[in-house]
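Following this line, the structures themselves.
Same chain, two partners: chain A is paired with chain B first, then with chain C.
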Partner chain A sequence: MSTTSVKPIRPWAPSVTDRAMTALSVFLAALTSVVIVATTPMKGKIAYFFLFFIAWFVIDSIFIVRKMGAKGIRDGLAAKVTLFGAVIVSMAVFSILWATISRGVKGLNLAFVTENMRNASMFDPIGKGGILHAILGTLMLIAIAIIISVPMGILTALYLTEIKGRAAGLIQFLVQAMSGVPSVVAGLFIYAAIILNTPLRSSAFLGGLALTILMVPTVTRTAQEVLNLVPRDLREAGLAMGATQWKTVALVVVPAARSGLITATILGVARIAGETAPLLFTVGVFDSYNFNPFKGDQGTIPTVVWRGLLGGTPESVQRAWSAILVLLVVVLTMFVLARSLGSRQPKK
Partner chain B sequence: MSVAAPTKVTPPARVITTKPRVSDQIFRAIVTAFSFSALVILSLIALFLLLKGFNTFKEQGFGFITNFEWSVTQDAAGKDVTHFGLQAMLIGTVVISFVALVIAVPLSVLTALFLTFYAPERVKKILVTIVDLMAAFPSILYGLWGFFVLMPMAVYWAKLLYKWLGWIYIFDVPDPVFSRSPFIAGIVLSVMIIPIITSVSREVFSQTPLDRVQAAYALGATKWGMIRAVVLPFGAGGVVGGSMLGLGRAFGETVAVFSVLNIVFRTNFHILFTQGGNVASMIIQKWGEAGKSEISALMAAGLVLFGLTLIVNFLANAVVNRTVKSGR
Partner chain C sequence: MNQEAQTTQNGTQMSEQQNTTPSSLSDVAANRAERKVAGTVPMGTGLEARGVHAWFDKHHALEDVSLDFSAGTVTALIGPSGCGKSTFIRTLNRMHEFIPNTSMAGQVLLDGKDIYEAGIDVTKIRLQIGMVFQKPNPFPSMTIGENVLSGLKLAQLKVSNHEELLEECLTRAGLWTEVKDRLDAHAGGLSGGQQQRLCIARALAVKPKVLLMDEPCSALDPGSTLRIEETISQLSKTMTIVIVTHNMQQAARVSDYTAFFLSDGGPGQMIEMGPTNEIFSRPRDQRTENYVTGRFG
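Let's look at the complex of A and B:
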């Protein structure tokens, strides 16, 4: 007895001929764009880019017409134009990343992340002073914002998904409206409400309050989304076992959505970590360590970048790029963390 | 001896009620109380900005919106004479946000379509990460990038636009100075709002009912035919909603705009010219040297900005809700 193995066929997969045609048309298009740029007054990267896409469309259309007839032309055009859009968007991102890394690395050294700026100014040569105080300050602000806004956001989300009270429509609307509050307004508000009315002066705590206003909507909306993804069956099973609603939520719904809730928190942090405008009103700037969250100005990474940018000299701009690189590394680390936590399954 | 017959015990009838237990009542009370935090915060913002900005509204009246002079001078008696008018900044805000939308909406919709319908699985994963990454970039990074990397390129693009389209009013310039223009601020803003519009659009596109998609294919539609007949009508509401969310973000953007825009109190529709404004970045610009009356004016400006973004968000939600309902 011999077993015959049947090879699965995949008629939708592009055949060798199709792949060859695609490669050929891309090659011809690239060639055309180079030739046109070389022979006509149109110059520069933009010319290459646009000519390539136009030439690719024209050449590929010929292949498409042979295969699918005239109605394929629009289809092929749509496929290329969408790719075109995606490529432009990615180019912007890579441009930003590349600029940050290539320019930021130049100013990085051990002192930059282990010292403060007490004995150095933004205009001193690179290598003198660092931004450890600002890193600690930003972490302190983030911690304060998390402590206040995560319970607030998750409880609001629970109201919208579990209790669904009479005000749910209104709350939903207000949370959406709140996510549009400009960051500068959040800073102005804390200044108007607290600094102008009470003896409290700018401190990390007030900055944390301002950032909370920006973070709550992000946490709420993401948490609401993940809580909505928890199957109804789980809730019904919990209630059918005789649990109260409170127990169902605490022991079934929230654990089921745990990874999503962590993601919500981290997205909220990513939203606020680099906010600059509110800090200018509420936290001020400081060049050394300040471990008291309730008193005194605090150094933060965004304000270091801000001063570096406004300083305008090569040294201060270099410090700005290096500081933003540090901030970006922090934000991206959290981002990766959110992803890996988000994909992990809750324990049985 | 006889054992007493066991008496029959009937347990009392179980009370069946829909009244929640005490623990549930406490739970509901706490959650409900917290859910009103959004309402409380929003009202407090409006209240305090109104309180602190009240003097300005009283002194300037409606002129606060319609005048375009911003100055504190002293008259012969040494008394402050203040002129606070937001008109130029309001128009500037709309102009750069409009530029941002014109650039961002098509790119975002194309990216969302590519992600949902064209991209191979591996490319899709990478691209989704890229777009999410964009949303996580701090706004000051966009400011730095816009000033040092984008500006030199964008000035060149602006010159090209001026050369070929200069006969159109908005692409005309009174002087050939192209740096720090609303055009460049608009490009920076567009990059900032692309992730918002893309992710909202992508979400809506991916929720297109599968039966309609397959029906279109079964009728012989090409992919593009299917997208035009099914996906775009279904997703239009999401695209509009996402765009308005992006608009709200663009209205309120401060630091990035401040970095790349030359803020001048003059109404300017020539988007390529180095002159523009934005309420949010104006607040930052004037904050440093502001006296008491000017702080009040800046609070009032903050209130106007706050109201503006609330209205945009309200409209966004209204549009989305209506289109989603009509799509069903």
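Let's look at the complex of A and C:
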């Protein structure tokens, strides 16, 4: 309890006049865009959107010139262009989410996530059969890809950041080249190298290998960035206490970068979760459960979507949208789980 | 509570000393020398640098430095920025080589044995010659207790009684009373001065014979600096300490010997070394006198 009664204020906050000016310019810009769309041949949401931004810039510039002079125009333009970019990107994200949720939710029911498609077809009425087999298949593929590519990616990143051996430049180049490999090529590679040349036939394991080709560069490059953020001080502190380089990396560097390495894994999973093309050659399609990762075709969510869209009837397209929604939820759940595991402190 | 009161009292004394005339630097150093004589028998192991040069790529950073660090003494390395003090101290426990494209020449003898000898186990050298860095760098993923004992895991040492070692190291670093109730808390929550004392405790846990300190107080406030200087005085009874400092008051307060480094645009050189009170009262070299009296640098 203080004895004086000083009221905290924010002298830097926009004044009532400033706010009124902003509201007025936004209102005038909106009005202008409506008038222009109504009186000219320009039509549609896109026209409103662009006209609003142009009109807003012109009107707001007039206000700015009064306050800051001509130099304020560029400042205002830069602020509006960045806002414009951000709005376009968020609109894209939200419209994808909205399309998925609004269309996908119609086909959701208990059977859709608890049954398989053995006794049903994509063309049956909604409510018959489900995609649990595909959910399990996708989870199995992601697990296989994580088991192989996370250690590979992190070890490669450690070689590039900690050991910096002679081959580092070459490996860095290869990792960058690898991140540009189209996903269908990864599938074709596994098909040509393994399925055509060995007795092995399509299975979840081979699909996991194809996805690994796509996931390793993402994990490696992200892991490399977070390892580079670990201060050199910490490495020196470890080494100055008589630790070998391996001990310093294992006990100091990797724990310090733990949450970043989890992010690297998440980004890797995000890269592969929705891949369809490589699975067609390596995993095939299947309508029931297959719990053997090394033998037999496997149902996966992306291939269910693919088949649903190819089917063309309202029921099969509906199933495709619902499957996309399920994939979205599965991936989102994994992210939340990984985040909460990653942020948990080792001891309270 | 007692300890805090004591700290405040000492702090007052220190500020009084700082307020007196510049010539008091040598008085401070003389006081220190008297206390030292009254102290215990020197222990630990001496370190000896012979003709040490250092290069960063083609840049010759340090030229022909020979220095003797006798067992149980505190030696301060002073000099303006860029004169090679930090480079020199890093050659003493082979940290210099972690910077890419560096090279060196000369010998560093620990117990009469060259630490740069071919075939020597570098990790054993660094175990015996510990280091405290300029910026406090506790391990962020570990608790306070784990930080102190991290050296055991890192250097793969076996110790029977962890609790005892933990208390001993934290006590010697002057941090035990402040953290004994929160050894399971994260080290990041400590203040800068506490973190630096934690780093000292961590360095002590592997029982080094020599402790190198590279400007350990440059990022700390006067109170924390004082605590660390007290810690150094305590430690000097049992080990050899080399400390780089920009603060000449600090050099006068904590060290038995002082070495003055200078670069005249070329590689850094060691200009003069002697008992601290002599360096501050009657230096042999004019450049040293100019520096310690504040006429340049």
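Assume the second predicted complex is superposed on the first by the 315 of 348 C-alpha atoms of A that agree within 3 Å, B and C clash if a C-alpha of one lies under 4 Å from a C-alpha of the other, contacts with A are read in each partner's own complex, and residues count from 1 in each chain.
Basically, a residue touches a chain if its C-beta (ideal position, glycine included) is under 8 Å from a C-beta of that chain, and two chains touch if they have at least 3 such contacts.
Quantities reported herein were computed from a predicted structural model and do not represent experimental measurements.
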Touch count on chain A, higher of chain B and chain C: B
First, second, both or neither for A:123, with chain B first and chain C second: neither
Which superposed partner A:50 touches (first chain B, second chain C, both, neither): neither
Which of chain B and chain C A:258 touches, first, second, both or neither: second
First (chain B), second (chain C), both or neither touched by A:291: neither
Contacts of A:243 with chain B and chain C, given as first, second, both or neither: second
First (chain B), second (chain C), both or neither touched by A:92: first
Touching partner for A:181 - first (chain B), second (chain C), both, neither: first
Touching partner for A:234 - first (chain B), second (chain C), both, neither: second
On chain A, the residue positions that both chain B and chain C contact, one per complex: 244, 247
Contacting residues of chain A [partner chain C, same complex]: 231, 233-244, 247-248, 251-252, 255-256, 258, 345-348
Interface residues, chain C side, partner chain A - complex: 93, 95, 98, 123-128, 130-131, 133, 135, 137, 139-143, 150-151, 153-156, 184, 186, 199, 202-203, 206
Footprint of chain A on chain B - complex, ascending: 20-21, 23-24, 26-28, 30-32, 34-39, 41-42, 44-45, 48-49, 51-52, 106-111, 113-115, 117-119, 127, 130-145, 147-150, 156-157, 191, 194, 198, 222-225, 227, 245, 248-249, 251-255, 259, 280, 283-284, 287, 298-299, 302, 305-306, 309-310, 312-314, 316-317
Complex interface listing, chain A residues touching chain B: 44, 46, 68, 71-72, 74-75, 77-79, 81-86, 88-90, 92-93, 95-96, 99-100, 103, 151-152, 155-156, 158-160, 162-163, 165, 167, 170-171, 173-186, 188-189, 192-193, 196, 213, 216-217, 220, 244-247, 249, 267, 270-271, 273-277, 280-281, 302, 305-306, 309, 317, 320-321, 324, 327-328, 331-332, 335
